[in-house]
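Got some structures for you, see below.
You will see subunit A twice below: alongside subunit B first, and alongside subunit C after that.
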Partner chain A sequence: MAYLFQPDYVRYVCSCGSVKPVSKIYFCRHCLKVRCGYCVCHEVDSHYCSNCMENLPSPEVRLKKNKCSNCFECPCCFQTLSTRAAPAPVRAGGNPSVEDTKSLAKPPPKKVYYLSCSFCRWTSRDAGIPDQFVATGGWPEQENPHLARIVALLEYHKILASRERQQSERKKFHPKRTYMQFEKFAMSSVMVRKRAGLCPLPQSQQSDYPQPAVASEEVEELSPDIFTQPLDITKITTLEQRLKHPDVQAEEINQLRPQHKQFLMKRSQRCRVCEHNVCKPEYSPQSIKFKIQLAAFYHIPEVRIVTCEPLRIGQTSELLLKLCNPTQHQTQIMLFPLSTSITPTTVTAAGTKEVDRENMQLGCESPNLLPSLVRQITVTEDPKPLKLSPQAEIILPESILILPPRDDAAEYDDTGDTHNFQDDPKLVVWRKGNKAVIRLLVKPNEDEQIEEGKEITVGFVMQYGYVNTIATLEHKEPQKLDLKIKLFLSIGKLVGST
Partner chain B sequence: MSLYEGIRLISDKQTVVFDIGSAYTKYGYAGESVPRGIIKTEVKCPESGKIRKVFSYEDSQDLYQLLVEFIHLLFFRHVVVSPKDIKVIIVESILTPTEFRDTLAKVFFRHFEIGSLMLAPSHLVAVSTLGVSTALVLDVGYKEATLIPIYEGVPVLKAWQALPLAGHAVHECIKKELKTVLPNDGSDVEKTIEDIKVRTCFVTTIERSLKLQTDEPPIAPPSVKYPGVKTITVPGSVREKAFELLWERDNDNLSVPTMILDAIVKCPVDMRHPLAENILLIGGTTMAKGFLPRLKSELLTLLKSNLYSEKLKISTVKFHKAPSKANYTAWLGGAIFGIADLPLRCLTKENYLMSNRVPDWASLIDNQKSDSLINSM
Partner chain C sequence: MDSAVSRRSNIKIAVGAIVCEESTLKGHITIGSRTVVHPRASIIAEAGPIIIGEGNIVEEMAVIANRLPAGAPEPASTPVMIIGNFNVFETDSRCEALKVGDNNILEMKASVSREVELTNGCVVGAACSLTEPETVSENTIIFGSQCQRREMNDKPYPQVGQIDYLTRVFPNYHHLRKPNMKIVKEPAI
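And then the complex of A and B:
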């Protein structure tokens, strides 16, 4: 798709206020609203190693600290390391040729393995790591030297916490305690209460208390060599290399050790309002397909800019747009000014009626029926402020454009079937299949001070007919709705004034 | 891996601990001995494609968007966990601007819908890594040096100190010295300067520092050929002098060592000796070669000087060694502190959505108030 590399000339305004190209938005078929990466709930579906494609259930991923046990990353350049085999060195002292002739069945030649980076040529041999006799596993693991101490501190803090919980329980029965004895420290009463609340008082020495750390007067002095010895910068690690291994942060290149490769994840996206998935990938790491993919691209008419005449202040220019209906149903498109409300409407016998699926859905299942504990609180986020404002006026047509459904077979049909639509010749300049090109007029604003060469944006609201095929309690039949979406188009740079 | 760790890793509750520094963010899980990673606190702006530091925000709306981008990256690229309804611990300085704290909480609750948030004061939790309850904690990071003494588990707030003497000031110094040789294009320069600092610069001794200002300075250390698109020569004098501004006393007599002594002076007399003999240094800048011995000799010199010899009857200073590297000691404190299940100290989603605000530190530290919050539920 050309979208991947193109600047975003045509952008749609999501329900959350984000402004994105059609390729980056979703369409929730349940809320009938546009959603995007910013306003959906992302969830981690599965973890996998991008090198060996192994995927593990999440408890195991946690146990392995989200790292692949087989694959390593180069500690210098962070690319994946490959395992290299080499013939085992001949044992010194012995006489292998004699042994070989003695044994009838020749043992397979021994091999040793080492890790090597094909990008920067780092090898585990450079780092002084002994070669291994098995291809996978067996590489020495570096353990944090402070682990035992930290575990003791962790245990101790758990005990402190339970004590704090007990104390706060007790406090409920003696709410008015005085802490006068602390006044001499001139601490605020707030801090005194805190002190009473949690602090590990030295007298409460217990067997579970880890040895407190002892501060020392001795400090490691700066080596006098630093003033005289030349520094070979190629042997000193960069900060980036150090931070990849936080507990070691080796200063010298030859102290670097290979690091286990981190798992990547596949994630699904869920509409935050109705909790339906708008995107769910297949579980297997090899698959690039989706179980659910409600991309807006399949539901909302796509708008592309064909051409736009040079833009001059106070002069009308012709703007040609190509519209495409991606759905299986015929749609009617109308364009309105930006200020139009974008609440969906439906035409019934009684006339045009506003529909708000979001509230309708919540209304369906009376929340009062659920016990208050079970009911999920809905978290709402403020909409993003819309920073775009158009610098040109756009003259919108009053007639409706009808686009037939998508028909893949018609793509190859050159007979020029125009479906005999009664098009407004001033509006429609070309049509074929589910696509049509329309002509609009734009006029850069005179009152605004726009510099030459500045990118000009125009905006409008597009109303499109949508057929909702998801059956709900009220609507068993497909329901016809008119949905609206705001669009912003970058139509080109200002050439100059008349 | 110990059995203990294994059990904890697969048990259901996972608490994510973040320490969002102005230069680097440390992330990982509570109960682990080391952060899963340390990354730069910056994001690529989705609109302009430029790299932006999260702390370079213009207003709270801008900060909100920067934090959404950054924390999304943290959750899905680095920590790799679904944020909905999880427990998050933020290790942060008590001196963090309210605007930042409020916006951060809003992002976590409103955008990522986390279950609960605990704000852990960095100086206080850093002490958790020692198993002691009294320490004078000096944090020299990127933007500023901050100090809060902890006495018997309580932050002595009235003695706090903060000065813009940290990594950023060192970078500015190197930038000024190497102005003529550095390439002049935006963000790469900052990266190069940081790299030069980390790999070649060091904190010199107090003796040499005194001589540096005289007419007969000591012979400079060897210069370093720094490779790149264009090879830069980093003169020995730059290597030696990069950190000097941390110790120079300006007109107000303010430097990193005076922060420590001024804080001690502000504390009651019985606290002074215990604090001087329990100094804990945290933050990446304290990891510079020679930082600790220099700090020690500066302190001892100052204690003997007219400035402090009357005010402070202290002759020894002692330093702690945390079971970590100084640039993630505060994070480790949060990871240890956060293993304890203390609902009183957590701000739950329900409470946040009801009150729509984060209690400030004065009331966070105040247990009584959180009690009443719980009771009122």
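And then the complex of A and C:
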């Protein structure tokens, strides 16, 4: 799987117009279209702490400011801090006789706890935080210096929100009354009075309004010794460390305090057109599995570049591509030039017919069971125009390549089943299981001014047979379709001209 | 046989040190008591002798080398590399510093070049390397991909438990080089 994270040599064009490697795209089985992170709805399923795996409902998460109350993060290198135990220091003084008799009776296994980073060795002792006598909790909370201001602003916004709610409720009861019209257009009572020719009332009800922030040009002077004192880089914080905690922005290392660990979240992705999920993780934070995972590499044939001969202007070079069928059904692949329309088609008795699942599906069976008020309103955008243009011509074969279904057991079978496909020997170089290597010819464009060393891209439309197993109202049987997708391949740098 | 004897005689191992047979030792080397040298660790005294103190741990694939940089002129006097007590050279670390104090830790794949002096209680973090000439002040930790520095509150604790454990376990599983040097004075701890 490591190749999935390598540079994007082979990119697929999503239906929204963005260009992504196969590992980053989804395939909606309901609209039969490719979707990517840009063109799906992202929904938060659950919040969890990646250290203690605690899973909280979202109102509580909001209350805790998206942070875990038990786990801390190193303020120095941002790793999770661990709690270390140390023997409590023996306290001298007090009443020695009483102490002695006590310790003789039962030796107190006193321990103290401190937080420590196993990566950068920062400890809570570095910050001067006293050790705790309990292993969990009890750590002093760092106060936000702007807390009063934030609380005042929050209070004010709560008042505003409640006023707005009152207004909209009043509107609901008397929607057609003309004298309420002013409020409907969010006119303040001051404006209403002005309209009526009355002088405005003295502003008294605005006393709860907090002082607005005032921008100031004056910056505190630097102390003169900043130019004379040698800089000790081991004692000052980095920009990253400061910006990680914008409320405090400690300048010195010893002012850093352990910070609560931020929650991570699990999110599901939903197709904007048909509102089906294309990706839904299991709810439990411990699980790394998915309930729904319609990743494109389970459905669309994967294309990999095997080799490409050195590219020279005006000269044809051989390009070897490996195609792999990831599905449980046999597929037939044909390659077309980039200008081909990518509307899916199906072959029926009457002939080739275009299929538009997108409009057919819309509105008839929405899987989103949430009430329409709560539900996120899906906004669909028109696809962006494609800005990539290939710098080389590709000579495409006319024959069809058939790939058998994936068979995991065949991986270990060395008996060389050839399936007896009538392959075009000029096209197919090698074949094993659900994979085949094909030979294509590319020719960098002569008329374009391409500099030497420039990355050369080629593109084509791949048509592949897809078996849709989802039963719909019209089709109870699995339906065979020919789907098309645009591909762009970076095949190497231009070596020179002939 | 003769060369083997002379090679052996260059290496002085104090009583109480655990030096595995599979380690690579070259040149004039003195290893102090309670120091543990893992199998496949290398101590190479090419340009001059290496003197290692007490209670150090040299883990597998770690390299301690007294080696002149390529193309450097022959120095007037023989450079001696001195390593103090209770230092830890973790797996695949590389130390060419001529002066190493006490309680330093070189984490995995850390590298310290010849012109660097490690004082006491310094930690060179995993994969961090020090190449420019400098004296690293006490209790400094260097960590992360940016080789960030910070002064620690306290020096790392000596790995006494680990030394004791290795001293007990190694003789059961590895051939050891025989100590050939009596302890002159009592160990510090």
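Keep in mind that, in the parts below, the second predicted complex is superposed on the first by the 346 of 498 C-alpha atoms of A that agree within 3 Å, B and C clash if a C-alpha of one lies under 4 Å from a C-alpha of the other, contacts with A are read in each partner's own complex, and residues count from 1 in each chain.
Note that in this section a residue touches a chain if its C-beta (ideal position, glycine included) is under 8 Å from a C-beta of that chain, and two chains touch if they have at least 3 such contacts.
Keep in mind it's a predicted model, so treat the numbers as computed, not measured.
Judged by the touch definition given at the top, the superposed model places A:I253 against subunit C, while subunit B stays out of reach. Touch criterion met: A:R267 reaches subunit B, while subunit C stays clear of it.
Looking at the shared chain after the overlay, A:R149 reaches subunit B, while subunit C stays out of its contact range. Of the two partner chains placed by the overlay, subunit B and subunit C both lie in contact with A:T234. Within the superposed three-chain model, A:E164 lies in touch with subunit B and out of touch with subunit C [touch as defined at top]. Looking at the shared chain after the overlay, A:E220 reaches subunit B, while subunit C stays out of its contact range.
Once the two complexes are laid over each other on the shared chain, residue contacts for A:E43 go to subunit B alone; subunit C is not touched.
Contact with subunit C, but none with subunit B, is seen for A:W122 once the two complexes are overlaid on the shared chain.
Comparing subunit B with subunit C, the partner in contact with more residues of subunit A is B. Contacts of subunit A with subunit B, set against its contacts with subunit C after fitting on chain A, overlap at residues 233-234, 238.
By the touch rule above, subunit A contacts subunit C in their complex via residues 76-77, 119-123, 125-126, 233-235, 238, 253.
Put simply, subunit B touches subunit A in their complex at residues 2, 4-6, 9-10, 14, 24, 26, 31-39, 61, 65, 68, 72, 75-76, 80-82, 84, 109-111, 113, 128-133, 151-158, 194-195, 198-200, 202-205, 208, 218-219, 221-222, 224-227, 268, 271, 277-279, 287, 289-290, 292-294, 296, 316-325, 327-328, 332, 336-337, 339-342, 344, 349-350, 353, 362-363, 365-368, 371, 375.
Against subunit A, in their complex, subunit C makes its touches with residues 123, 125, 137, 140-141, 143-144, 148-154, 156. Within the complex formed with subunit B, the residues of subunit A that make contact are 38, 41-44, 47, 59, 62-63, 65-66, 144, 146-147, 149-154, 156-158, 160-162, 164-165, 168, 171-172, 184-188, 190-195, 197-202, 209-213, 215-217, 219-222, 226-231, 233-234, 236-239, 242-244, 246-247, 249, 262-265, 267, 272, 377, 379-382, 384-385.
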